[in-house]
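In what follows, chain A forms one complex with chain B and a second complex with chain C.
Now for the complex of A and B:
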C-alpha cells in the first residue's frame, strides 16, 4: 500500500525513513503539535517549498537541466490566483481558474523557451531562462496597473479559508485539542493536502518509464539517443511539467499568504534559495527536496532566535556574543551551507543512503 | 588500393557507405570511407589505433555527421537522419565506452533499451544464458557492476531486441581472458542467429574466430577489404596492413 502510494520509490535507509516520517508527521499535525501563528506559517511554507524544490529537482536532478526561471513559474502561479481572486472576487472558483491558468501559462512559456534553447545545448537554456526571468520580473514591477508593481497585490481568499470562519462549535465547542477550529486551520490543510498530492504526483512521474528515460539522458544523453530516445522531447516535456508544478506551488503560496509581490515570489534570492535547498537535500531524489526545504526554511525562520538565545548565554565572554549576535544570522547561515556542501556533497539524502 | 573486394550479396547489403568524410572540429578523421556490410554474418572493421574505426561507427549512428558521402541502411539514406531515428530503424549500437546508465538498475537499463515494447522473455532467457551475471545482479545498480559485467550489460542492451544491424565497438577491450571468451561466445550466438554485425575488434584471435569478411582502415580510408579467412591466414598481409602489433594482442 505504502509502496504503491510512493510509486515503489522507498527511502532505502532507516535513518532517512525516520527523518522523512518525522517531517511528515510534524507537517501533518503542525497546527496541533506547534500551535501558534508563526509556527503554522513556517510549516505551511515548508510544505510549499517542498513542492517547489522537488519540481526544480525534477529539472536539475532528473533531467540535468539548469534553469534560472523557476521562480518565474512559481510567480506566474501565484499571480494567477491573485489576479483571478482580485477580478472575479473571492471564491474557490477563482483559485481553481487562477491556478489552472497559471500552470497552463507556465507550461506554455516553458515549452517555448525549451524548444528554442534545449535543441542546442543545456547551457543556452540556463542563459535564456535567466534573461526571460529577469525580463518578467521587470515587467511585473513596471505593469503596476495590473500587478500592483513593487507593492504587489493583496486579495481575499474564500471565507472558509480565513481566520474569521469558525466551525465545529456544537460538536467540539469550536476547539480540538485546544486548537481553534477556524478557516486558518482549513487553509493550512488546503496547503498541506495540495502539496502532498503534487509531491506524490511527482514521485509517480520520476518513477515512471518517462522518469527513467530522463535519468538515462542525464547520465549519458548520446547513449539515450542512440538507443532511440529523442532527448530534446524528453527535456522539453520535463521542463513543462516542472514549470506547471512550480506554478501550482505558487498558487498554494498565494492562497496561504493572501498576498503576492515581486520580492516574495519572483526574486533572484528566492531562486538561489531553491538551488541551495536542492543541493543541501540531495539532487536526483525528491526526498532530498523534503529535507532540503525543511532544513532551509527552519534555518531562515529560527536561526535568528537560536543565535539570540546563544549570544545571551555567552554574554560574559569576550568576542563570542558579538559573533553570535542575532544580527549575524546570515553569516552563520552561509557557514552552514558551505559546511553542508563540503560534508554532504551528494546532499543529506545521498549521505544517508550511503550510495556514493 | 583494395586488393580484393568481397561482397557476398552485392545487390542487397544491409549497410553501404560511400565516400564518407567526417570532420571532428578541425580534424579530418574520415577521408572517403567506403564500406559494405552484407546481410548476415560478422563484418570486421580492423586497423591500428586512431585510424577512424570508432568514427566510422559513430558516423553511421549519427553522433558525428558525415560532411560528404552517403550512408545507406537497408536501402534508405540515413546520412542526415537524427540519431534516435537511425536507432529506431533497427540499429543496435554498443559504444566503446559502454555508456551504461550507472544510476539505474540492470533491469531498468534493459527495459529502457527495449524501445519497441516490453522485453521478450525468450530473448531475455538467451541473454541470461549468455551472461549469467546479469541475472544475478538484475536488481542492482549498474554502476556497482565490474568492468566485464558492465560490458556484458552494454552488449545485452543492444541484443535485447532483434535489430537489423549491430554496431559493436571493441567489446573485449580491457577484459580478462575468461570474460573475453564469454563475450566471443555470445557474439557467436548472435551470428548463428543470422544477425548482421559490424564489429570493431583489436583482439585478432577473436576477430579471426568470428569474422566472415574483413575491412582494414588506415588514416581515415579503407585500405583493404576481403575475406577474414584470407587476412587471418596471411601474416605478411597482416603486417603490411596493420603492423606486427596486432598478433601481440
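Now for the complex of A and C:
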C-alpha cells in the first residue's frame, strides 16, 4: 500500500524514514501540535516550499539542468490566482481557473525557452533563464496597472478559507482539541493536501520510465542519445513539467498568503533560497527536497534570531558583530552552499543513505 | 571502354548573398544604427542615442570579454563574474573618493590621472580576487558544468555579502570628476563627455585584446587552447597556467568595466554586478561563447538596441534585448561567431 503510494521509491534508510515520518506527522497535525499563527504559517510555507523545491529538483537533480527562472514559474502561478480572484471575485472557480491558466502559461513559456536553448547546449539554458527571469521581474513591477507593481496585489479567497468562517459549532462546540475550527484551518489543509498530491505525482514521475531516461541523460547525455532517446525532447518535457508544478505551488502560496508581490514570489533571493534547499537536502532525490525545505524554512524563521543574539555576544570585538548580524545570514548560507556542493553533493539524504 | 564522364565545372562567382554571409555579424551594427535612424527620424537625438548606445556597448564588452575567454579556453562558466564587476566598482570608487583634490580640479589631465589611479587599484584588486577565486572556487570543479554554475553562484553571494560587510548596505552616490561632467554639442546633438571617454577606452581595450590574441605568442597559445586544448598541452605548454593568467586578466577587465559602469551610473551598490550579469550573459550568448569578436559585436548591438528602444518605448527596453537574443539564436543557434572546437 505505502509502497505503491510512494511509487516504489522508499527512503531506504532507517534514520531517513524516521526523519521523513516526523516531518510528515508534524506537517499533517501542525495546527493541533503547534497552535499559533506564526507556527502554522511556517508549516504552510514548508509544505509549499517542499513542492517548489521538489519541482526544481526534478530539473536539477534528475535532469541535470540548471534553471534560474524557477521563481518566474512560481510567480506566474501565484499571479494567475491573484488576477482571477481579483477580477472574477472570490470563489473556488477563480482559484481553479487561475492556477490552471498559470500552470499552462508556465509550461508554454518553459517550452519556448527550452526549445531555444536546450537544443544547442544545456549551459545556455542557465544563462537564458537568468536573463528572461529578470526581464519578467522588471516587467511585472512596471505593468502596475495589471499586477499592482511593487506593491503587489491583495485579494480575497473563498469565504470558506478565511478566518471569519466557522464550522462544527453544534457538534464540537467550534473547537477540536482546543483548536478553533475556522477557515484558516481549512486553508491550511487545502495547502497541505494540495502539496501532498503534487509531491506524490512528482514521485510517480521520477520513478516512471520517463524519470529513468532523465537520470540516464543526466549521467551521460551522449550515451542516452546513442541508445535512441531524443535528449532534447526529454529535457524540454522535464522543464515544462517542472514549470507547471512550480506554478501550481505558486498558486497554493497565493491562496495561503492572499497576497502576491514581486518580492515574495519573483525575487532573485527566492531563487537562491531554492538552490540552497535543493543542495542542502540532496540533489537527485525528492526526499531531499522535503528535508532541505524544512531545514531551510525553520532556519530562516528561527536561526536569524539566534544570529542576532550571537552578534550581541561579540559586540565588543572588531568585525565579528558585522559578520554575525542577522542581516548577514545570506553570507553564511553562501559559504554553506559552496561547502555542501564540494563535500556533500548528495546532501543530507545522500549522507543518511550512506551513498556518496 | 566507355568514355570518361564529361567534366564541365562551372566557375560562377558566388552570388552576393553568399559573399555577404560571413560578414553579416559585423554589418549588423551599422544596419541596426540605420534602422534606429529610420525609427527615430531626428538626427540630433539619433546621434545622442547612438553615442550612448556605443558607450554602453563598450562597457558591457569590457565586462563580458573575460567571461567569454574563460569559457572558450577552459570550458568554465563563471556565474560569479558579476562579483568582480561589483568589487572593481567599489575598490575603484573608494580610491577615487579619497583623491577628492584631484577629481575636483578643473583640469582634464589631472582628472584622468585620478581615474587612471582608481582603475589601476580596481584592476589590481579584482585581478588578485580572480586569482583567489580560481584557486578556491573554480579549480576543484573543472569539467563539471552543473557544479561550476552552483559553486560560482555561491561565490557571488558570498562576495556580495562581504561587500555589504565592508562598505555597508546603502547605495553610495558620488560625482564624476570635474572635467568629465556635462556634455559637448556636436551637430545639434548633446553628447556627454564621459560617454566619449567610454567609447575610446572600449576601442583601446578591444584593439589591445585583438593585438594580444593575434600578434603575440601568448595569444597564439590562447587561441590554440580554445580550439584544441589537449593538442596544445601535448606540444608542451602548460595550459593550466595560461588559463589562470586568462582568468586573472578577465577578472581585472571586469574590474575595469565595473569602475567605468560605476562612473556612468554615478551610484554603486553591492548588487550592481549581478544586474550587469544579465546584459553580459545576453552579449556572450549572442556573440558565441568563447569568441571575443562576437562578444564585441554583441555588446554594441545590445547597447544600441537598449538605447533606441528606451527612447521609443521605455518599458520595452529590457524585453527588447531578450527579443534580440531570441532572433539571433534563431538565425545562428550557436551565436553570431561560433567558436569551432576540434573535438
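General remarks:
One rule holds for everything that comes next: the second predicted complex is superposed on the first by the 314 of 356 C-alpha atoms of A that agree within 3 Å, B and C clash if a C-alpha of one lies under 4 Å from a C-alpha of the other, contacts with A are read in each partner's own complex, and residues count from 1 in each chain.
In the analysis below, a residue touches a chain if its C-beta (ideal position, glycine included) is under 8 Å from a C-beta of that chain, and two chains touch if they have at least 3 such contacts.
It should be emphasised that the depicted structure is a prediction, and the values quoted were computed from it without experimental measurement.
With both structures placed on the common chain, the touch criterion links A:338 to chain C but leaves chain B unconnected.
Once the two complexes are overlaid on the shared chain, A:219 sits against chain B while remaining clear of chain C. Legend: residue contacts after superposition of the two complexes on their common chain; A:228 is shown touching chain B, with no touch to chain C.
In the superposition on chain A, contact of A:263 is made with neither chain B nor chain C. By the touch criterion defined above, A:116 reaches chain C but does not reach chain B.
Within the superposed three-chain model, A:127 lies in touch with chain C and out of touch with chain B [touch as defined at top]. One of chain B and chain C touches more residues of chain A, and that partner is C.
Residues of chain C that touch chain A in their complex: 77, 79, 137, 140-141, 145-147, 149-151, 153-155, 157-158, 161-162, 164-165, 169, 274-275, 277-278, 281-282, 284-285, 289, 315, 318-319, 321-322, 325-326, 329-330, 333-334.
Listed in rising order, the residues of chain A touching chain B in the complex are 209, 212-213, 215-216, 219-220, 222-231, 284, 355. Across the interface of their complex, chain C is touched by residues 60, 64, 66, 116-117, 119-124, 126-128, 130-132, 134-135, 138-139, 142-143, 268, 272, 275, 279, 319, 322-323, 327-328, 330-331, 333-335, 337-338, 341-342, 345 of chain A. Residues 61-63, 82-84, 87-88, 93, 95, 99-104, 108, 111-113, 115, 141, 157 of chain B are the ones touching chain A in the complex.
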